[in-house]
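Each chain gets a letter, A, B and C, in the order it is written, and its residues are counted from 1.
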């Protein structure tokens, strides 16, 4: 960590935590009736407490946690592949998740008893299984994590092929199209307390493991040969980092669908505001991702209340817009 | 008539020929007047004779054509047309997005029925086919479409079909007991959630059944809602075609909804969904399906 | 010319290789090479382009899969553990640091202390002292708070050198360490290396600048994956071998107390 005032990671962390808290408060105030402070006199009264506790609070927390997972996975992806354009969906997790959901939706329509257990799995389970499956397929295709370029290429191939399979399925069964499209645009609409638990239980270990490997990520930035010479166990480190990416992305995607841009943009927002090593970058990216997705979620509920905009559209607008502004103010 | 004078003979022959032609014209089999229909795009489609080879690219139009008694004139339908059973054996030529132009042309139709949003309409017209782009989205649309198809196909059964529909609509209110009338209803079309508002076809049917749709028409026919809205509106009956009745009860905060508490959630199968959502001649059946759901004391278990 | 190495020679040398064979992309680059580099000396590895210099250095540093036996200070690297290896040998490679553009110079040099730190441990006082010393010696302490991407080529190279020095390892292997450095800083680097060697360290560097190479204590001449000659830099035999390796297109001349390499005159 460096000690320059104004560029301190601690300052940024404080700002992001405050932003997160403010957004959660806003999330409590925004709902299908627009914006009302929960305790003000003119707030609509019907079941207000239940709505706050059962709907708005878990939704806001869940959105923040999902964003944090995506931000963390994005920072890991960019460090692992040493590419500022890397995002957590690189290893086939996104297309795997949408294929999983498509298969589930298709099978739910079929009356056969063989697929009776599938509805129990739910969209959440199917998306998670699909995401992990996509990553495993990529690893198999790349024959392990030894070569980064090979891993990237395998991820792209798996992404394209699985995406094509999803499209084929959609062609045969267009009635699932709307639901699948909703999944692919991202949706925070049904995040309840169980979702919050799952997300929180995924974030903590992912963060801990990633932090343990923060040095490895820093050393990797100097090149693989240098990292090896510094005693970084490249093979196990890469394997663990891929696992963190897969689990974090899978958990987030399972709950909120394929939200675009958060994983890509959150680390960049942090880097433009401070110049941290990964030890700070990883948790800061999580904080930034959480704030971004929560802000998008609040906006999606607010702009057209009681209708909702797809949250993925808003993450792109908010994240991209802020990034543009930052780029304009500072040289990259 | 003096003979030998050429001019006068010419006049006579000309007069005879004209008379002959006039008589012939009268004797030809009664031609229908040239049928001109303005479709939803504002284009005028001209039909010199009633079409005998029809390709339909929209399931609701397929059903309407068959209800008008012209089912035997269909030579091709889209992938999703599945009623009545006889159309299942017809050649399928693709969907809304990807109608196979070559297959359609190979069927040599003299009329193609399509939705306004079908992508291949321009292509088919460029290849010389007659395309009527009409899409029923509301009850008023359906009335117009029935009239247009009846005119285009010259079936003469349009009035009877319309009368049957009107009768079903008129009898709708009686399908539901007075106690169940006025119930607050929420109709979900797909998970997200997308709901059917008062402005949609299904919403109109629900209104005829005396139900109160919690989703107002001001939001458009199929708005994507904030789930909180549904919780606040507290519908007494939930109808869904998204097949997710199991999951509806599990949504955060939805346990408090009257419909969920009292197990009045009806999930329709895809076949039933077809009946409900397609604006077509089966709306009587659709009304009965929904009335069953509304009227039942327990309704269907989620 | 390779000679069979005897056991005492191996144990006395800082870096030794026996029957070293390295293949890259399926093609053998080095085959059956023997080498013993003495401790406490600076050895420069020179040779024509594509001779296998970088490959040899990476194989010696244990960064490439190879056949044969490599020993560091008489020990087998695999017996040392990853951190032990990191503390024994410090590596500075060519042009790899593109992705580190966002890191501050100080943080980059601190990475050199990785082999001395526990996995989750924060930098300790000895770490910070080593980093400061290394940065002062390469003259980059003044911009320790600037990001690597904002520095010029020479400034960046000095930061990377400091990173290699911060490891405080007895063996220092450097591949083209003078890239982007202007003559004054090349002279600084020279003093650095001499100071390191004077304290008992061993330096092996691949250099394409023959004049710099002739400032070393010993020279290893490589061509086509084979060692052509190994000897002291002030040995005339080494000079003749040097000229031979470069096809007699260079000439070694004496200037003051050192040697310089000049392009050969046409007539030769």
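Rule of thumb we're sticking to: contacts are C-beta pairs under 8 Å (C-beta built on N, C-alpha and C of every residue); 3 or more make two chains touch, one makes a residue touch a chain.
Note that the structure is a prediction, hence the values are computed from the model and not measured.
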Category of the chain touch graph - line, ring, star, complete, other: line
From chain C, the most remote chain by mean C-alpha position: B
Whole-Å separation of chain centres (CA-atom averages), chain A against chain B: 42
Rounded Å distance, chain B centre to chain C centre (Cα mean): 81
Of chain C, residues touching chain A in the complex: 58, 61-63, 82-83, 85-87, 89-93, 96-100, 102-104, 106-108, 111-112, 114-115, 117, 119-120, 145, 147, 160, 163, 167
In the complex, chain A residues that touch chain C: 2, 4, 82-83, 211-212, 215, 218-226, 228-233, 271, 275, 277
In the complex, chain A residues that touch chain B: 31-33, 44, 46-47, 50-51, 54-56, 58-59, 108-109, 119, 122-123, 171, 174-175, 178-179, 182, 187, 189-193, 195, 301, 305-310
In the complex, chain B residues that touch chain A: 80, 95, 98, 189-194, 219, 223-229, 231-232, 234, 242-243, 246-247, 250-253, 256, 270, 273
